[in-house]
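Both complexes shown next keep chain A, but they swap its partner, so chain B is in the first and chain C is in the second.
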Partner chain A sequence: MPWDVLIFYLIAAVCVLSAAGVVVARNPVHSAIFLVLCFVNIAATFVMMGAEFLAVVQVIVYTGAILVLVLFVLMLVNPDDLPEFHAARPVQRYVGLLLGAILLLEVGAAIVTRSVSGEQGTATPDNIAAVGGNTQALGRVLYSDYLLAFEVVSLVLLVGVVGAIVLALPERLGERPSVARRGSISLSHPRGVDAALPEGRPAGETLIPTRHSTSPTRASGAVATGNDREVSAGPTPTGVVRDLVMTRDADAFGHMGDKR
Partner chain B sequence: MPLDLNLETPDLWLALPQFIVFGLAIALLFGDAFVARTRHFVWLTGLSLVGYLAALVALVGQANENATTFYGLFRADGLTVFLSVIILSAAVLTVMVSASYVERLEGRMPIGEFYVLLAFSVLGAMLVAAAGDLVMVFVGIELSSLATYVLAAFAKRRLTSVEGALKYFLLGIFASAILAYGMAWVYGVTGSTDLDAIARSLAASVGGDEFLDPALLLGLLLLTVGLGFKMAAVPFHFWTPDAYDGAPTPVTAFMSVVPKAAAFAATVRIFVQALGPLRDEWVTLLSVLALLTMAFGNIVAISQRNVKRMLAYSSIAHTGYMLVGLAAYQATGGTGFGAGAGDGDQGVSSLLYYILAYNFMNIGAFAVVTWLQHRGRGLTLDDFGGLATTHPLAAAAMAVFMVSLMGVPPLIGFYAKYYVILAAIDADLLWLAVAVVVLSAVSAFYYLRLVAVMYFNEPEGQPRQADTRLLDVGIAGMVIATIALGLFSTPIIDLADKWESALTVAGQVAGR
Partner chain C sequence: MNDQPLWLTFIVAFTAMNVLLAGMAYMTWFERKVLARMQDRLGPTRTGPAGLLQPIADGIKLLGKEDLIPAAADKPVFFFAPLVIFVTAIVSVAVIPFGGTVEIFGRDVNLFAADLNVGALFILAFGSLGVYGIILGSYASASRYPLLGGLRAAAQVISYEIVLGLALVGVFILSGSLSLRDILARQQETLSLGPIDIPNWFILSQPIAFVIYTIAAVAETNRAPFDLPEAETELAAGFHTEYSAFRFSFYYLGEYINMIVISLFASTLFLGGTGGPGSDRFWGLGIFWLLAKTIVFLFFYIWLRATLPRFRYDQLMGIAWKVLLPLVLLNIVFTAFIRLVANGELEIPVWVWIAVAVAVVALLALSLRPGGGGEAAPARTSAVGGD
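So, the complex of A and B:
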């Protein structure tokens, strides 16, 4: 067996095992570190295929930037606030395993029996060598043939920035949600995050009272946070806790707001 | 020479409507930053409406265009024009429905960012409609989806909004990954991402009765799953009720039309234009999906007491009707219903007409729900009780939309179903045509129940006064469109028939 095949199988085995580790590990930090290992091995396979630019991008962007970010977030978030990852019902687990096995079989069959092959593309080794290498070839294609797609991807990033600002920016400086948003996202919860709501309340809008919201209008359930961005004069004190409207039932919110 | 720099300038005029929407989005960003907050409502709403209408006018100039630019990534043809008209009119209607809601309800959401995200989502959907390459399809869907995820979470104080958006986001990116994987397989088998080149390659290699290559079949299945998620077809619909229920109502109206139109645009581009030679395989797949989707959506909608959830399941059912149109695709020349049409394909024309019809009646239904929320009503069936007594015009509008969604002549919803059924019968899918009729009869139960509640129950409580002029105009416009576009459906179906120009290359090469 030639050396490169042996090395490929070694890298591939480590890659598959570390990918399995991402899923199996109970500690999210361990998952992230397994993911680093997986990505580095993928970068190694890229190098073996002669795509050295992709390999470097893989290391810089995925391992360097994204996974460090993931680790940062994991360090900042209280582990107790993380949703329970292994809470799925047995049925879901078995159906998931079954579907995964079917997909694996299909992929295997597709690889083993591959017969249809279209016209060869222009990115042959000779052509790549003619323009000076992988990076140059990729750059030429990216800024000519796929120029429009490249520009639209930059719009996707812009939308990501705008969306992050919209969702994360508090309406006033220094305020923060008064209730930790906990609970797991599960398809078996048909509506609402019941875990975060106090038990025994009637269905409908429930205003969680906070230290700073003692005015009678707020206590009566009205949402007075509507247009006080203009009303509040001067700098708002830091550490103000914002009221979070908790509705058990989306139907109920029709009665709120519109208090000009 | 291969890999040479391709330096000829693209024909930017072909993409004029898309550039106008892009310019609108950037102008809205600057307007949000530099216009005083108190003037946002008037200025940015006006700017959005003018921008979308200008793009619509620019589209008129392209009605007979059939060209490719940006080195094959962008197509300006009949399909692009028709879908862009649907998407832009949905955008105009969404602006009219959402303006006062975003400004006043749910703790006053930031209206500038709302319009910016709306414009980007519209732009993404238009780019999918105009895509000539798998890469563009994917990137356009991502642009459209990402903006819609944020819009779904826009009422961020309400946990149901955040939860619905999170489910939408997680399942949506999962579906995107599956879609990309399917595209990778198709690229691997055919050696190109260009839709026409894929069709050419498949026409050369696929044929006869031999067993279909598993790699191609796998790509086809993965693409179906990915696109099924985006269009909310059963069994990939799990995010739909929660996301539709949680999102602010105008966003739900938008979500039920524009991402769906984008998903169907992608499906027509990929399946009909690129994978046309595999028609026999995907038609079977889509007809099963269509039956499941129609049956599930209609039956589950019956048990819903929350009007928004009911409309969410109804939108799943309507996805099923649209899929019937696509499943009725016949790979023969001379498409359409209009004058000069042969005995060829009617499926895609009927699908396009259905999306247009669905646009007006569904946004209309959500618009009336929004209208009532302004007046202090909730979202359950009981909140609609006695609407005919307190607000006779709103009740009449809602009744028109409900009856149209049900498919009663002479409203637009009837003609949409009529064309879909004609196409299905023509494609020898009689069982699907029967299913459409039977399940429309089932849907009558929950649509008419709402009408009955509005007209026969007693109103409870005092309605609040609210000034929603733009919304009133929008609802009136949609009522007129629902009635008029049904009565004068011939020119529209003629326009829809022009989608065939998208097939000029693929159709000739496939030799069908």
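So, the complex of A and C:
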């Protein structure tokens, strides 16, 4: 057996096994790790097919950016708050099974009928070498023949970005969290603060669910007068539970570098 | 380039890797010595002449320490996370060209392990994989400080990766290739400016990209003043708080190797790589010039650490998204435009040039007017940089 075939089977085996691991693993972080492994191996198969650019972009975009964000969210969320794995509703189970079966049949049919090989396109090794390599060939095609599709895709992504910003906006535009607010640790703010505001959480902050998340009523219940706080300024004052919040504009808190 | 037998490539790769590891060990010595001199101290002096054996002593000490594993740790992940950052850092050196094809002992040898046609992106890709070492290590430690350090690292590295990658686009546009060897070859041409010939280094045609790359590289390798993921005043040791002994040393190795690789990368992309006096006659001089440029870059890293206080986290993110990203996008548009015009693919009538010049001058005048708008982003930079 030639070496490249052997290496391909090795990569393919790791790929399929790690894909199975994504589904089987009970810990969501482990699932994400398996997914990273799977993506990297897919990139390796791209390299074997001579599509180095695609491989590198696969690694940069999927494993380097998207999965890091997935892990980021997983680490912020308390594992107890995650929906139970392997506890899908029956409908989800059956529909998922059905869709999986259909996909398997499609792939099988494509392989059996050899419709994959079909008619050969113009992207032959000679043509690719003529324009200087597969990176150049891909660039040429994307920015000439498929320019419209490319622009439409980027427009869709832009709409996605705008949507995300709109979702994260405070209810009233321009509203900023009060400088005097207390009772939370801001991820972006170096001086974590200690007690809660009487009026509760200001708009524009998102409570990150943790094991100790306080409800708004509890947060306002933990209000202490200035004197009390100084008395109980030990390492962890009893009764005061710190929340993690995400604030949009940390500059509203700090005046270290700015002259405002 | 010639097709050399696999074992020869293996030897080249093995040599490069070991030189990198030895370089990393002496990078720590270099850093301690330079930092010490900058702070009016001596640095290591006891072990060997001028403390030259200090890295070896440190290595033995790290090997002999107790390997602590937190009880609540996610053990498999805890074990392999340090390896991720180490391996991804060291693999990147494979695509760095230390020279062309040369004759050593009567045999043609390629002075690079692999000539990928996407070499520059390869280094970026492995840099982005390295962040998993930090995130997974911090998650697996099951501890608060590492978790916060890991979150910071993830956000920071993703943000600065975008800036780092986009800063290189200008170089790619000018060289027309993603292969580091092609980029190197383009820089070995000479530009004639009247009577004098200067080398066509990309630092000359892409100065903005070079500055932005340098800033982003410091952030990407989690070094001072952007070492928020391991800010000891806030987060103990950050993401590697729970790591000890040899597992910790992998993080340590990974960080320094990353610095060296990113400096080699910068020297190759912007500073002419192996180019220098006499490098076209003897390949050893080419390697010498490459290493010399890299050491200058590394010295700059240490200098930064000795000079600048740490940034606040929101300032760090603000610099990336509000200052560097717009600048780097402008740089790309500008470079592409210039390239089109210089290649004669875009004919522009004279009156358009005049109109553009007038508009630019008018905008500048408006924004420089005392109390005028439009200066928000640059003003912010100076406020941040002045900390």
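In this text, the second predicted complex is superposed on the first by the 149 of 260 C-alpha atoms of A that agree within 3 Å, B and C clash if a C-alpha of one lies under 4 Å from a C-alpha of the other, contacts with A are read in each partner's own complex, and residues count from 1 in each chain.
Please note the rule applied: a residue touches a chain if its C-beta (ideal position, glycine included) is under 8 Å from a C-beta of that chain, and two chains touch if they have at least 3 such contacts.
Predicted, not measured: the structure shown is a model, and the values here were computed from it.
J.: State whether A:166 touches chain B only (first), chain C only (second), both chains, or neither.
T.: first
J.: Counting touched residues of chain A, say whether chain B or chain C comes out ahead.
T.: Greater contact footprint in residues on chain A: B.
J.: Quick one: classify A:76 as touching chain B (first), chain C (second), both or neither.
T.: So A:76 only meets chain C here.
J.: With the two structures laid over each other on chain A, which partner does A:135 touch: chain B (first), chain C (second), both, or neither?
T.: Only chain C; A:135 stays clear of chain B.
J.: Could you look at A:57 and tell me whether it touches chain B, chain C, both or neither (first, second, both, neither)?
T.: After superposition on chain A, A:57 lies in contact with chain C alone.
J.: For chain A, which residues belong to both interfaces, chain B and chain C?
T.: 187, 190, 250-251, 254, 256-258
J.: Quick check on the complex: what are the chain A residues that touch chain B?
T.: Touch list, chain A to chain B: 106-107, 109-111, 113-124, 127-128, 130-131, 137, 140-141, 143-149, 152-153, 155-156, 158-160, 162-163, 165-167, 181, 185, 187, 190-193, 196, 223, 225-227, 229-230, 244-247, 250-258, 260.
J.: Touching residues of chain C toward chain A in the complex: what are they?
T.: Listed in rising order, the residues of chain C that touch chain A are 74, 77, 116-118, 121-122, 124-126, 128-129, 131-132, 135-136, 138-139, 147-148, 150-151, 154-155, 157-158, 161, 165, 178, 234, 312-315, 317-318, 383-384, 386-387.
J.: Help me check something: in the complex, which residues belonging to chain B touch chain A?
T.: Against chain A, the touching part of chain B is residues 2-7, 10, 22, 29, 37-38, 70-74, 104-108, 110, 113, 116-117, 120, 123-124, 127, 133, 135-136, 139-140, 142-143, 146-147, 149-150, 153-160, 162-163, 166-167, 170, 185, 189-192, 197-198, 201-202, 204-206, 213-218, 221, 238, 241-242, 245-246, 306, 308, 372-374, 376-380, 383, 464, 466.
J.: Okay, in this complex, where on chain A does chain C touch?
T.: Within the complex, chain A touches chain C at residues 27, 29-30, 33, 36, 40, 52-53, 55-57, 59-60, 63-65, 68-69, 71-72, 75-76, 133-135, 187-190, 250-251, 254, 256-259.
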